[in-house]
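Chain IDs A, B, C and D follow the sequence of writing; residue 1 opens each chain.
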Amino acid sequence: MTKNIAILGASGYTGAELVRLIHGHGGMKIAALSGERKAGMAMGDVFPFLRHLDLPVLQKIEEIDFSTIDLAFCALPHATSQAVIKDLPRDLKIVDLSADFRLRDPAAYEKWYGQPHAAPDLQAEAVYGLTEFYRDQIRAARLVAGTGCNAATGQYALRPLISAGLIDLDEIIINMVVGVSGAGRSLKENLLHAELSEGTNPYGIGGTHRHLGEFDQEFSGLAGRKVEVQFTPHLAPFNRGILATVYVKGEARAIYAALEAAYGAEPFIHLLPFGAAPSTHDVRGSNHAYIGVAQDRRSGRAIVFAALDNLCKGSSGQALQNANLMLGFEETQGLEGLALFP
Amino acid sequence: MTKNIAILGASGYTGAELVRLIHGHGGMKIAALSGERKAGMAMGDVFPFLRHLDLPVLQKIEEIDFSTIDLAFCALPHATSQAVIKDLPRDLKIVDLSADFRLRDPAAYEKWYGQPHAAPDLQAEAVYGLTEFYRDQIRAARLVAGTGCNAATGQYALRPLISAGLIDLDEIIINMVVGVSGAGRSLKENLLHAELSEGTNPYGIGGTHRHLGEFDQEFSGLAGRKVEVQFTPHLAPFNRGILATVYVKGEARAIYAALEAAYGAEPFIHLLPFGAAPSTHDVRGSNHAYIGVAQDRRSGRAIVFAALDNLCKGSSGQALQNANLMLGFEETQGLEGLALFP
Amino acid sequence: MTKNIAILGASGYTGAELVRLIHGHGGMKIAALSGERKAGMAMGDVFPFLRHLDLPVLQKIEEIDFSTIDLAFCALPHATSQAVIKDLPRDLKIVDLSADFRLRDPAAYEKWYGQPHAAPDLQAEAVYGLTEFYRDQIRAARLVAGTGCNAATGQYALRPLISAGLIDLDEIIINMVVGVSGAGRSLKENLLHAELSEGTNPYGIGGTHRHLGEFDQEFSGLAGRKVEVQFTPHLAPFNRGILATVYVKGEARAIYAALEAAYGAEPFIHLLPFGAAPSTHDVRGSNHAYIGVAQDRRSGRAIVFAALDNLCKGSSGQALQNANLMLGFEETQGLEGLALFP
Amino acid sequence: MTKNIAILGASGYTGAELVRLIHGHGGMKIAALSGERKAGMAMGDVFPFLRHLDLPVLQKIEEIDFSTIDLAFCALPHATSQAVIKDLPRDLKIVDLSADFRLRDPAAYEKWYGQPHAAPDLQAEAVYGLTEFYRDQIRAARLVAGTGCNAATGQYALRPLISAGLIDLDEIIINMVVGVSGAGRSLKENLLHAELSEGTNPYGIGGTHRHLGEFDQEFSGLAGRKVEVQFTPHLAPFNRGILATVYVKGEARAIYAALEAAYGAEPFIHLLPFGAAPSTHDVRGSNHAYIGVAQDRRSGRAIVFAALDNLCKGSSGQALQNANLMLGFEETQGLEGLALFP
């Protein structure tokens, strides 16, 4: 039976990506789209690549009749999301793509986001949306918090190692090279083609990037002790993709085995042969993630790589995967498309 | 019923694009893949983005048992294709993506390709693969010749105008900006990222580009007289996409009406509002093409734009669309994916 | 003797390019920099690649003491420029990079820019800054109007042909592929890397681009009759460069000879061998322009190509070349740098 | 007095970059250019952006009369370089840009390059070309070995810290994001625009990259004990630039002070304010390098960033800087050009 879907905040990249994915799903119908500043516009005017589709006109959120909606994707900006969701019907299934419900601890939220949470009860209710590790809770959840795209990538590389006690928890360094679309449709000089193409730069350096809040929460939870990783993302001139290069102290073969055990049955997480490293070129536009492990020349040190598409597996694809679980579809439905290459 | 498919020459970009599209088709099974120099390799080693699929190992063509194959896509290089196809079973359905069977006239073939044709009987048998204009013949064909990607783009802009007698046939100028993948996986200095990115250049200038042979054949056939267009392609640093900007003498509104009549019912060809121009960004990875018409400031002069993805609608997508017709599938099956944006 | 230079509107790309070029000039000292919204900031904070230079802090224009300035480059936005320049000392030498003084006819200005000119007397005084064709007037000028970058490119291809009466004046089509920096540092969605990379689109179509005003003025002036060209620019994902592909009716060899005669002694305009086409890759970052001519397959039709760097030869390099003339330097001083390749 | 210069192996990117830099030098004349496979060609046919220069035709090396040459830049492939240099006149000044003379220890050479060295006496004679740290020896040297571009970048970040004993020598991790031109003009599929643009991937992983040989030699030499760093480069889609992100254990403020002391008087190495990180956009085409230091959220851990242009400061610019010292020019002559931005 077809499910009615609303996308709130449809005028950003994750909203458009949701429309793209749902178009190929077969069991979902987009029944409502919201866009505050662009209310009244056709989706095809906001994203011309969608103009030949028959889609609802963008509305203001308060104009949407949620009684007919089976599930809402909430792709609103951080902070806006919690303000909106707390006023939505309390029986509406929601997958939130913002950062608002990722951190369970109100103090941690305030620390990383600089203000108290506006809906702490919902914060407590929300299930963390890293599908492969929260599958059962997601299936039963009403409100799922999509993970940060960097946070997801780093966790795919590290969770099985931490769970298995295979690495030194004080010596984890997560280096990332990330594509442009992660910054969203923001009008900033450094995101202009003229300034961003043809070079690279680190950002959010020195332990300031907000996705550290997620790493801290999840890794400390897994380890049963405080774990603080070091994390440096670098912006590079491609639109989709995150490559995590994770430096750890541990035995590479044991690490490989733990990853193999963790992901052997997963439909979207693939472990490469030992010693091989993934490329983001191979996941552009797909919901697949690739993991690789290499041994450093010094024993006891290993590198774990993870590559995924930040807009798909790192955000909207993950959201649809979770929605599939929440609505009773096959988990992979609508998500089996291959990467676009070249 | 599932049809068995072979892809000959699967190690190039059009071969990989066929695998990508067929993966989402639902009614086709890839039963054989050939690659002469890469025979014995797994497809996932040639194109890592395919590595998690269960695909046949690359073979030499002579190793393939064609008795179980329902249709073969032939993505071999020009000249190789005719040599191979003439030795394939004469009842095998074939969609050829090379230039070898596009020109019906052996003399025209020799003029543009510099050597006599090796299989003139097949040349006579082949149906030109521009689906929207040869649909019925393609449905009944055994051998379909995929069009040139530039040739397809220009024809979408021009055929209805020529058929309707709306433009001056001696004054047609086709300017194109084309993406990189059209040159294939060739190892040439000018195709290296270091040399191709960050600039543009024309090529095939002065009436030398081979796709002119197709324009001449098709436009002259439509007009019932010799038509020679002027055509200049420009290479620009993006991977997928062709934008044709066609300068014609004629009344823009009448031109618009003719295009509207021609494409109103087409599933993949979309006419934009009068005065709007398409962008290749909106067709990247999709089988859709967009057409636009603008009036110049001087009356009697118009510009017609056409945008499509050279690897998809201009090549492998067209090939699958034709194969659908030849095998009795819905014409659009496996081709309804949206563009990847951003 | 070192000349004191002011750059008004130094926080845009043409301002930064002027700083880059003047840094290598040897006879000029940057004595003042203005930036309205960024007044008080160091230039190195606005453009970090300049941070190791010893440059004046950005000021408001009214804070600058022009009595010590020998020449001001005015890189302000259109319309702002005329409002500022009319209040500057009337004996100050000025090279304006905006569109404000390019059109001599107040009616033409109002037609293309949508409002009456604020300083019609200065409009009459200004000399059009296409160095190679206005060299003597520029040498004697107080106020020089830099040309449009597209307008310069098209004129390099066409002026000698029009002057020599070699082409059909009613049949000129100028097609361009232009880089991103021509749009300046504007915060627009279509200029974001995520939206602009990986594709191309036409803009300013149907005879609406403002540089047509310059073409009309200059070509009509040369021809002694009204000349209206057709002009379509295309935005493509590279930062610097314009490639003009100009379709004309005339004899290609005669056209080549006229260009050879016009540019044989020019230090920055180079004619390629007959039949060769230029690439913008070869002029990135340099003040050189390349011209090429090809014969179409039909006699009487030719294509003329011109390639230059819009920020350098098309704007700031031209401005410095003109300033050299106005201040008595060698015309080429500070401008002999080669393109950056790759 | 003008010095006569030969460039051996002028048909690669470092050769072309040398021509570009020497063109603006003022005290050097390019008297000979070699290119084995392209002997007889004009340099402007190999690199069209040089076509308007008056340059010697490419020769075979044996055709060059070295008696009139003051200094030869040797931009030949690895292994070829040693074979050629050992047969050149023993009084000819040489700056070699290959890897052949970087490692002083024949055993280390054989380990990293897989074969015995063909000219071990010259290997012993060669001075390592990291200008800022070998300045006096370079001034007196006959044969200078240009450093690896990655090796230079990492050393700028680390040498002062190791010399001052400020960091844990067993815990150094060097992560890099590197541009495309570092791979040279090699015809490989992964360097094609179609395959390299729009994504990133690590390479040379697990302690296999040859520049580790240089790190080992130099860092162990400075420390007086064996130092083995961990090093992972990532290829990203821009043409020029290397960004090193170096993870160390040490006090960030002390590290900053050591870098300030080391580079305060250097003309080309600039330390950013504490906590700021450099971008490769700011060094594209220039001989400048930027260094930054940030404190991790955990005390005792710091990150040091270094950014430079691999073809200029990392290779040909360094070579010219060294040649200036060897020939008695100002060290900065011909190298003061600014980055090209945007």
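As a working rule, a contact is a pair of C-beta atoms (placed from the backbone, for glycine too) under 8 Å apart; a residue touches a chain by one contact, two chains touch by 3 or more.
Computed from a predicted model, the values in this text were never measured in an experiment.
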Check your understanding: In terms of C-beta pairs in contact, which of C-D and A-D ranks higher?
Key -> A-D
Point to revise | Taking each chain's C-alpha mean as its centre, the one farthest from subunit A | key: C
Point to revise | Interchain centroid distance [CA atoms averaged], subunit A/subunit C, Å | key: 45
Review point. Taking each chain's centre as its mean C-alpha position, how far apart are subunit C and subunit D in Å?
Key: 36
Review point. With chain centres defined as C-alpha means, what is the inter-centre distance between subunit A and subunit D in Å?
Key: 39
Point to revise | Of all residues in subunit D, the ones touching two or more other chains | key: 13, 180-181, 194, 197-198, 237, 239-240, 279, 281-282, 284, 342
Check your understanding: Where on subunit A is subunit C touching in the complex?
Key -> 13, 180-181, 183, 185, 187-189, 191-194, 196-198, 237, 239
Point to revise | subunit A to subunit D touching residues, read off their complex | key: 173, 175, 177, 179, 194-195, 197-203, 205-208, 212, 228, 230, 232, 234, 236-241, 243, 245, 247, 275, 277-282, 284, 294-298, 301, 303, 305, 307, 342
Revision key, fill the gap. So, in the complex, the side of subunit B touching subunit A is made of residues 13, 16, 19-20, 23-24, 47-53, 180-181, 197-198, 239-240, 270, 279, 281-286, 288, 311, 336-342
